[in-house]
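First subunit A sits with subunit B, and in the next complex the same chain sits with subunit C.
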Partner chain A sequence: MPKRTLDRLPLRWTLLDKLEAIARFLWPARLRGATGWLFITPALLLVGVLLIGLGYMIEYSLHELDLSTYRLKDAYTLDNYVFLVEQPVYLRVLLRTLLAATLVTAMTLFLAFPYAYLMVRTPSSALRKFLLVSLFLPFFIGQVVRAYGWLIILGKEGIINTVLLKMGLPALDLIYNYGAVVFGLVQYMLPFAVLLIVPAITAIGEDIELAAESLGANWLRAFWHVVLPMARPGLVGAGVVVFTLSMTDFAMPEILGGGTTDFIASAIYDSFFQLSNSGLGAALSIVLVTLGSILVAIVFRLTGAGTLSIRQ
Partner chain B sequence: MKNRQQIKNMQRRTALKATAAAAGALAFPSLLRANDKPKELIVRAWGGAWGEALKAGVADPFTAATGIKVRLDFTEDNEIKPKIWSAVDQGRIPPIHVNWDTSTNATISALRGVTVDLSDLSNLEGLLPLAKPAGLEGYPLVNTYAYVYVCAYRAEAFPDGPPTSWKTLLDPKYKGRIALYDDGIGFNPIAVIAGGGTFEDIPDNMEPGYEFYRQLKANEPLLGEDSDFTTWFQNGEIDMACTISVNARAARQNGIDVQWTVPEEGCKVDTDGLWIPKGLPENEEYWAKEFVNFALSREAQEKWCSLLGLPPVFPGIAPPEDLIGDPSYPTEAEDFARLVSVPSPVLVENQPKWFAKFNEIFQG
Partner chain C sequence: MSTAANMVEIRNVSRAFGQSVAVDNANLTLQRGDFLTIVGPSGCGKTTLLRMIAGFDEPSRGEILINGQNVASVPAYQRSIGMVFQKLALFPHMTAFENVAFPLRMRRFNPALIPELVDRYLSLVKLDHLAARRPHQLSGGQQQRVAIARALSFSPDLLLLDEPLSALDKKLREEMQLEFRRIQQELGVTTINVTHDQREALVMSDHMIVMDEGVVQQSNTPREIYNRPGNRFVAGFLGVTSMFKGRVSAIQDGLLSVDMGGVTMTARGNDALFSIGDAIDCAVRAEQITLLEEGAQARENTVTGLVRQRIFEGDRMVYEVRVEDMNDSSLYVFDHNPGKHGEHDVDTTVRLGWNAESFYAFPVVK
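And now, the complex of A and B:
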């Protein structure tokens, strides 16, 4: 090898050597075992901040509002939680929220799975592109704008009712009710679910389906006994995401609900902002977080965390 | 030699001027504050017709007079409240200089001790008694005008004339085509009277009002905010609503078929006001006070309130032509007698309970 080459290494090599030296200085070899922890430190810090916030919320929830000063009293009490239990309206709103979240999750998964399956399996690239664009176009439009769009379409003098009236049919009450909120949420959640299911279906080799069919199963049986079980990680992940997002949603019930189909997030908003009662709002928030966590834990318990490709 | 003497004289004169200026500044700290003008003042406001009226009637003339820009912040009144409270509690500079607020909300902030005393404003003198906040010492806020929660209706839906009673809301003919504010604000006392109670029942016996709400629920009212009412009327989705006259008037001025009336049970009259949060730098607080003071001047009150279509607290200002004789524009004692006024301290103490019950009935 000529001497000149050894003396004068390419600039990139020199730079990389220097960077490596700096890295060795900052992160010596003996710390290599902790490299993984280093990478998850930002995530841990973020979760830590959230936990601190949660701690404050728990603290606030244990103080009652003093109406003469509109500040929380110093004394610790469970009165806010007692108030929530004694007021049947909160239980009704909570049940309404849970029912809606369940319905939205079921409907969204039912619609998202064939959509994702078709998008992955179609041999037509034009159809795949069309499905992708159809998925992402509404995804880029904010939730509030989409909800207002539905007001224009479903309103009492909206497009659908105008057509119905022109056909001599009676106008329908399509908005400002529970159904409209569920419908709006399904439409909003669909792209999330599809995006979470697509990788799961992509991971199932097409040859596995072919193998099932070559062994005598028709497409439906192969789908039911092979594709669906193998896509379970995607379905569970999408279900958990859609359920939790629906359960904590605020905009859709506010805009499409007409004020009489509030979800628990609206009750939290009202407590914090309209009633200026941060203690009550915090108590409601803690109830929501606890309930959501328990439900997700049950799902993982039933399906196993392995469904999300987490090693158990 | 002469030059040296001149220089010495000049230095002496300069020194004397500087000393005099310093002494003046110490003697009149307001002079310093007045000269140290902030680039802008941030005033929280409501949007739509409300914000436009404040801009044209107060903000723009104030800028013309002082050179200080006024930026309107349209954060929801209930949402700015905790932001100001936490800023004051934590010793941070509040996010706004002046809060245009309902008197009830402003009273709550005053009770919490986050408002600056406005008693030294020169334009307070000679204002109507309405300007003085009820149940509070001094002026932790100042009321700027009165407003009425009228019965707004689509004329097309009432061919036989305007509704004469709030009980029309219970008529099945209007099922799903009526609206109230989503917290019952503006209607709670009226519900008591419409439900067979009397003004004296408020606040101790609200049951007639709750019973009225229970019946009203069967007629499926929409519940919303100011902007919703305009949209609903515009889209022909409601026929009748309890809303502030400003919204109804703005809708009519925009060509929407909306009229309003004061039914036999009366309408709730209330006030809005201005207040300044504590914790602003001294010069900014000074100019925020100047802004509030200007808003109370005849010039500002005349234009601002005329645009809103509301009776100002400055006496002797004639109503806009389209509102002469309108029951939603009370000016005389007998006009106010037709309306229902609940003092802010009573509202502050009871509104949370009323809201809880309202929620229980309509969210059930």
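And now, the complex of A and C:
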């Protein structure tokens, strides 16, 4: 009969035992209740730094730029905000941004849902892998490179226009307009949306859909009355993420918009680095953050707290 | 509505997935109001058969008739079938009331009548007081009841049960078996139940089908199948059965003399299937074997063996006995007399006897 314990334990076991002993020494058992806090401390610190930054932004936004020195004046004032309200261009940029974010969100969800559904439900593992790889490939390229890729395809002398001219058709203005920006953003956001919707669809058992069918619902009704309501948490979560990312995006409007369709992020950038008016830029940033927070809060209020699968 | 004599008729139905045959040439007829249970081990094809009846899957060959109508071209949502799923598949975003109302809305019942119908079926399953609850606010047994009410509220021709009780604990499961039976008889709805639980099959059904490897092994009433198993598989699947190998040494009037190694025994079998010298399998159920007391009269088949194991199951003692004279085979025997549970110790000798009538002979399956 083999001995119950070995004389020499495998090295890996010995090392792990030592590590555990060190951990026990550094973090005695009576602290165990606080272990959870230990692990979220880094995250809390990160968020804390962010909040401090936000505090500074608020501070900045309350000082007017001194045009003689190009530094912020010491006196507290709401002039920056008044300026934003008085200049119609900022309202226009704001509305343009919100409209684009809304359009992008709607279109992205519309495209992402069937994609995610197929990915979850297909019995073919080859198709599932193909869909997954197709989803991630653009991820690896990065946003700026991707936007330039669109320039190559859609530009004045890009692939599409070259082909059109060869066929004797007039060239089209495919970039440097609103549509191009929305299009680019949808393409950029699709993977995020799909990845957020997939778990929601996975959570709907196939039995549920069969049950709906056997109870008399054709696929359209089963989809409308059962699948869609049950996938709502995933859809809302994806919607919020896509909306906020689109609303704050900088690269797509810059590159595909070519300066014709500035978003708020562009305006903020210009205030800081073109106008050197950090007070105005900070005020714009605060407006953006406030607006985004309010919209997200409204969505959560309307759809319940279970939206990001935090609570069901 | 047509009133065919048979509510369900399955004719030569097969279903193959690539090379593997899930259901092989199944036939069955089910009369209006009957309760049929299809029982078999997992992978025997019973679920595939049920899915084809429900319309979730199509036969590779053969036809299915429901209420006299060939349903080959009828999609699942247009068949008049209520189904209770293994995982229940209740809609979590709807209340019990809305769940039961769902098929009525989908099937375009008069909206004015829906609340009344829902109430009636929720009362039938004794849940009318919990109509406003969501599924996750209900216990397992209550969820079962919602699922039943939902499957029945639109008065389907046929009720299908896909192992809905398998997830429940034993006590609740047995309670729900009787409950299903009560509701089924109260409404007279034709029902097909699929299960791997032989007790459920025996308790609940008017009619029973045993399946294995895609093939219907036997189809009859539960009592008939239990008492007259048609083949080796059915004999072994139902009850606690002991199997022995032997060789036929004589045949007369449905009784076979079987050489079992050291002893010759008498078994029951169809004359036409056997000839002298054949290798056969013999089966006996544990409850048919009697522990013979000192000096008790021998049965048609009597052997002595060594107790290998005693298993106390509360209401009975189960002995595993090894019999040298029967090729050293083991057999199981029950002792239901509580006063005698301690009588036989491991490694002591016991004398066992059973009648030829309960000793089934089957040709060896090659």
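Some notes on this structure:
Note that in this section the second predicted complex is superposed on the first by the 271 of 312 C-alpha atoms of A that agree within 3 Å, B and C clash if a C-alpha of one lies under 4 Å from a C-alpha of the other, contacts with A are read in each partner's own complex, and residues count from 1 in each chain.
Here is the rule we use: a contact is a pair of C-beta atoms (placed from the backbone, for glycine too) under 8 Å apart; a residue touches a chain by one contact, two chains touch by 3 or more.
Quick caveat, the model's predicted, so the values are computed rather than measured.
Superposition of the two complexes onto subunit A shows subunit B and subunit C fitting side by side, with no clash. Touch criterion met: A:217 reaches subunit C, while subunit B stays clear of it.
When both complexes are overlaid on chain A, the residue A:74 reaches neither subunit B nor subunit C.
In the superposed pair of complexes, A:259 makes contact with subunit B only, with no contact to subunit C.
Residue contacts after overlaying the shared chain place A:273 against subunit B, while subunit C stays out of touching range. Of the two partner chains placed around the shared chain by superposition, subunit C is the only one that A:205 touches, whereas subunit B remains out of contact.
Looking at the superposed arrangement, the partner reaching more residues of subunit A, out of subunit B and subunit C, is B. Following the chain A superposition, subunit B and subunit C show a smallest Cα-Cα distance of 46 angstrom. No residue of subunit A lies in contact with both subunit B in one complex and subunit C in the other. Of all the residues in subunit B, the ones that touch subunit A in their complex are 76, 78-79, 81-82, 108-109, 111-113, 176, 182-183, 220-224, 231, 235-237, 348-349, 352, 355-356, 359-360, 362-364. Looking at the complex, you find that subunit C touches subunit A at residues 54-56, 75-79, 81-83, 85-93, 102-103, 106-107, 150-151, 154, 160. Residues 67-71, 87-89, 92-93, 151, 155-158, 173, 176, 258-260, 262, 267, 270, 272-278 of subunit A touch subunit B in their complex. Listing the residues of subunit A that touch subunit C in their complex gives 205, 207-208, 210-218, 221-222, 225-226, 229-230.
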